[in-house]
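To keep things simple, chains are lettered A, B and C as they appear, and every chain counts its residues starting from 1.
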Amino acid sequence: MSLIEVRALTKTYRQAVRQPGLRGAFRHLVHQRYTERVAVDHIDMSIERGETVAYVGPNGAGKSTTIKMLTGILVPTSGEITVDGIVPHKRRMENARRIGVVFGQRTQLWWDIPVIETLSLLRDIHEMPAQEYRKNLDFLTELLGLDEFMHLTARRISLGQRMRADLAAAFLHSPAIVYLDEPTIGLDIAVKERIRGFIKQVNRELGTTVMLTTHDLGDIQDLCRRIVIIDHGRIIFDGALAEMTDAFARERVLHFQLRTPCPTAEQELQRIPNVTVSGLSDTELSVRFDRAFISARDITGAIMQIADVSDFRIDEPSIDHVIKRVYDGTLNLAVRKGGGA
Amino acid sequence: MRLILRAWRRNAYLYRRIMGQNLRAALEYQSDFLLSVGSAMLTQVLGLVFLGVVFSRIPTINGWGFWQIVFIYASIFLTEGFASLFFEGTWRIGYFVNHGELDRILLRPLSPAVQLLSSAIGMNGIGNLLVGGVMIGESLTHVHMVWTPGKILFSVILLLSGIVIRTSINFASNCSAFWVKNAGNAVPFMVHSISEFAKYPLTIYAPALQALVGIVVPYAFIGYVPAGYVFSTSGMAWIAVLCPLVALYCAAVAGLILRTGLRQYESTGN
Amino acid sequence: MKAKYLSLASRSMQNSLAYRVSFIVNMSASVFYILAMFFLWRAIYAHRTSLAGYSWNDMKAYLLVSFLSSTMLSWYSESRMSSRILDGSVAMELLKPIDFQAARLAETAGTTVFEGGVSAVLVTIVLIVYAGVMTPHSPAAWIAFILSFAVSVLIKFGVVYISSLFCFWTSSGFGVAWARAAITNLLSGALIPLAFFPPWLRATAYFLPFQGIVNAPASIYLGQATGAAVWGTLLVQVFWCVVLWFLGRFVWRFAVRKVTIFGG
C-alpha cells in the first residue's frame, strides 16, 4: 500500500446564501438557505514514500481543501483517505505527529513568542528526545539561516523570515510527510531559492515525502518529478513532469537570423503543412511548428536551401505555458488522467 | 488508566509551558498589566461600595446579611478571576474559528481544548482574584460558624467546582462560533452577562429567572449554592452536594459541543 | 464645512444598522443588569415603603432612567474610539482635514441615534406593559427630561473621549474602559441613587461631571427637581459638557505628541 492513499475523496462546502438588505437578513434568520459547493470531487491519488509531488491548479481548484483533508483539519464529505495506514480526521493527533505542514498565507507560529521558544515548545509537544532536537535544530538553523531572527517574536519578523521559521517548525520533528501549501508565496528570488534548496536536500537526505502546492512554476520545475493537476475539484492530469512536457509541449518555435534579406523564404516555408511563419523584419523569421508532424531538422534543411542563415535558435515551451493552456482549456489532458508515477 | 493519567500529566505540563510563555509576553507591556489589574480591582471595590451603601440602610435581604451577600458576590468575581487569568483563551475561540486559525491548532499533536484554553492570558484576572479572595476571606471571618476539616475540604471542592462551571460555560458559549459565523458573535457575551443574576440570592428573582440561573445556565452553583452550604442556611446545605456534579456536567457539555463543532469546522477559503 | 461631519454621522448610523443584531444582543447585557437590580430592589422594598427618600415607585422610575442612559453610547462607540488609537489609524486621521474630536462626536452621534431609537422602543414597551412605572408629571417636565438626557449623552461622550485618549499610553483598551466604566457607574448614580451615599461621597459626586449622566436627568424625570431647580440642573450639565469638550482638546494636544514625535 502506498504512503498516502486517496479514494473518491469529496468535499462539499455549505455556503449560506444571503439576500442583501434588511429583508434578506430577516429572511435568513427564519429560513436559512444554502448552496452546496463541491470543492473536491471524487479524486483518487496514491503517493509513495519519498516522492515529491507538485499539486497544482488554478485559484479555487480545491488544492488547499485537499491538503486540509489529508492533514485531518477537515472531515471529508465522502471518500477515503489513509496516510501511513491512518485515517487522518479520525486519529488526528496521531497523524499530526508524523506530518509537517506549512500554509504559506498563514503562520503556524505563536505570535508573541520568540521563534526559538516556539521551536522549543514544539519539541515538547512532539515529545522529542533532547538529542534529536539539538541535531534537527542545528541542521535547520544552518540550512534556513534561522540565526538572524531566532530571538525575535513572530510578530516582528519579515515575511521571508517567517516562512523560513514556519518551515523549521514543520520539519523540526522529522516528519515522514510534509504538506507545503504555497511555501514561496510573496518571497524574493533569493529566499525562494534557499527554500527550494532546503526542501530538495531534506527530501534527498531524509527521504521525506513532500506534497507541494504552488502557483510558482519555478518551484515545480526545481523540486518535483511528479505533477498532479486539479481543476474544478477534479484531477485532470497525474504523471511525471517530463512526460507531461513531452506529450503536450509539442509546439516549438524556430527563430532564424538571415545574412541577407530573402523575400521568398516566407512563402516557401508556408507551403510545408503544420507550420506557421511570421517575418519580423527582412532578415528575421520565426517558424512555429508541431514536433509530432515535422522535425526541426526538416525545417532548418528547407530554409538553408533558399536563404543564407547566419544564426538560429529554438524555443522550447516552458512548463508554465503548458499549464496555462491546460487551465485555459485549450489543451485537453483528460486522456492522461490517472497516469500515476 | 495509566495511559489516561499520563495524557493528563502531559496536557498539564504543556499547558503550563504555553501559559509561561504567555505570561512573559504579557509582562512586556507593564503599564497595561498594572492598568488592567487596577481597573479590575476598582470595578470590584466599587461593587462592594454599592452593597455597603445599600446595607447601611437595611439589615438583610430575604434573610441574607451583608457579609453573606458579599460572599456570593465575591464568588462570582473570584471564579471570573480564575477563568480570565488561566483560561482567557475561551474568549478567543470565535477568532480562531472565523479566521481559520484553528487549522494551526488541529495540526499539532496536542488536545485542541488544551491549546484553546492556553491561547491567552488575562492579567486582569489577578485583580479579580485579589479582591475576590479578600472579600471572601472577610465575609467568612465576619459570620460566626464552626469549621471542621470536612467542611474546609468540601468548601475547597465547591470553589474548584465553581471555577470549572464558570470556565465550561464560557467555553461552551464561545463554541457557538462554530455555528454563528459572523465576526461579532454576541452569544458568549449574552451568556456571560446572565451571571449578573448570580451575584445576589436566587430567591429574589421571579421563577423564570431562577430556572435560567439555576438550571439552564447554572451560575447559581458558583456563589449562591456554596454560600448556602458554607453559612448553613436552612434547607440549602444538601443542594451543595450537586455542585461537583454540575461542574462535571458542564465540562462534559462543553467538551461535547467542541467535538461537534470540530467535526463540522470548515476552515476558511484562504 | 459641517457637511463632512454629517456624512460621518450618517455613515456610522448605517454601520450600526448593519450590525444591528449584535447591537441588540449587546444591549441585552444592560437589560440583564437592570433586571437583576430590579429584583434586588424589589426584595429590599418588600418590607419598607421608603429608603433615602425613594419609594418603590421612584426606584422603578430611577432604574428606567439609569437603564436608558446605559444603552446610549455603548461599548461599540467606546471601543471604536480607542481602537482608532490602538491600531495606529489615528495617524491616518491626522492627514485628513478633519478635527479628530468633532469627527468622533459625529460618529458617536450617528450610532447613538440608532441606540436611542431601540431603547425608546424598549422603554415604551416597559411603560405600556408594566403600567406601574411613573412618568414625568407634565409635558414641560417631559421636555426638560429629554433635553437633560440629550446633554447627558454629550457629557458621557466627553468622559469616554478623554478616557480613550489614555490609550495612547497603553496597548489595550480594556483596562482603560473598565476603569472608566467603574468610576462613571458609581459617581453618576448608575449603580445607586446619590441620595444613598454617605454625605461626604454625595457632596463629592455633586461636584463632579459624572452626576450629569444619570443623576441629573433622573432627578428631572422623578420630579425631584422642579421649577428653577430644573434650570439649575440643566445649566450645570451644559457647563460640564463645555468644560469636558475643552479638557478633551487639552488632553489631545498632549496625547497627539506621542504620534507626531514618538511615532505612535
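Everything below uses one rule, namely that a residue touches a chain if its C-beta (ideal position, glycine included) is under 8 Å from a C-beta of that chain, and two chains touch if they have at least 3 such contacts.
Bear in mind that the values here come from a model prediction, so they are computed numbers and not experimental data.
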{"item": "Pair joined by the larger number of C-beta contacts - B-C, A-B", "value": "B-C"}
{"item": "Chain closest to the assembly centre - both centres taken as Cα means", "value": "B"}
{"item": "Most distant chain from chain B, judged by the mean position of its C-alpha atoms", "value": "A"}
{"item": "Centroid distance [mean C-alpha coordinates] between chain C and chain A, Å", "value": "57"}
{"item": "Where chain B and chain C are represented by their mean Cα positions, the distance between them in whole Å", "value": "29"}
{"item": "Length of the line joining the C-alpha centres of chain A and chain B, rounded to whole Å", "value": "47"}
{"item": "Of all residues in chain C, the ones touching two or more other chains", "value": "21"}
{"item": "Of all residues in chain C, those that touch chain B in their complex", "value": "19, 21-22, 25-26, 28-29, 32-33, 35-36, 39-40, 42-44, 46, 48, 51-52, 169-172, 174-176, 178-179, 181-183, 185-186, 191-192, 196-198"}
{"item": "In the complex, chain B residues that touch chain A", "value": "10, 13-14, 17-18, 21-22, 25, 100-104, 106-111, 181, 263-267, 269-270"}
{"item": "In the complex with chain C, residue positions of chain B that touch it", "value": "29, 31-32, 35-36, 38-40, 42-43, 46-47, 49-50, 53-54, 56-58, 61-62, 124, 182, 184-187, 189-190, 193-194, 196-197, 199-200, 203-206, 209"}
{"item": "Chain B-facing residues of chain A, complex", "value": "13-14, 16, 64, 68, 71-75, 92-94, 96-97, 99, 101, 103, 105-108, 110, 112-113, 117, 121-122, 124-127, 153"}
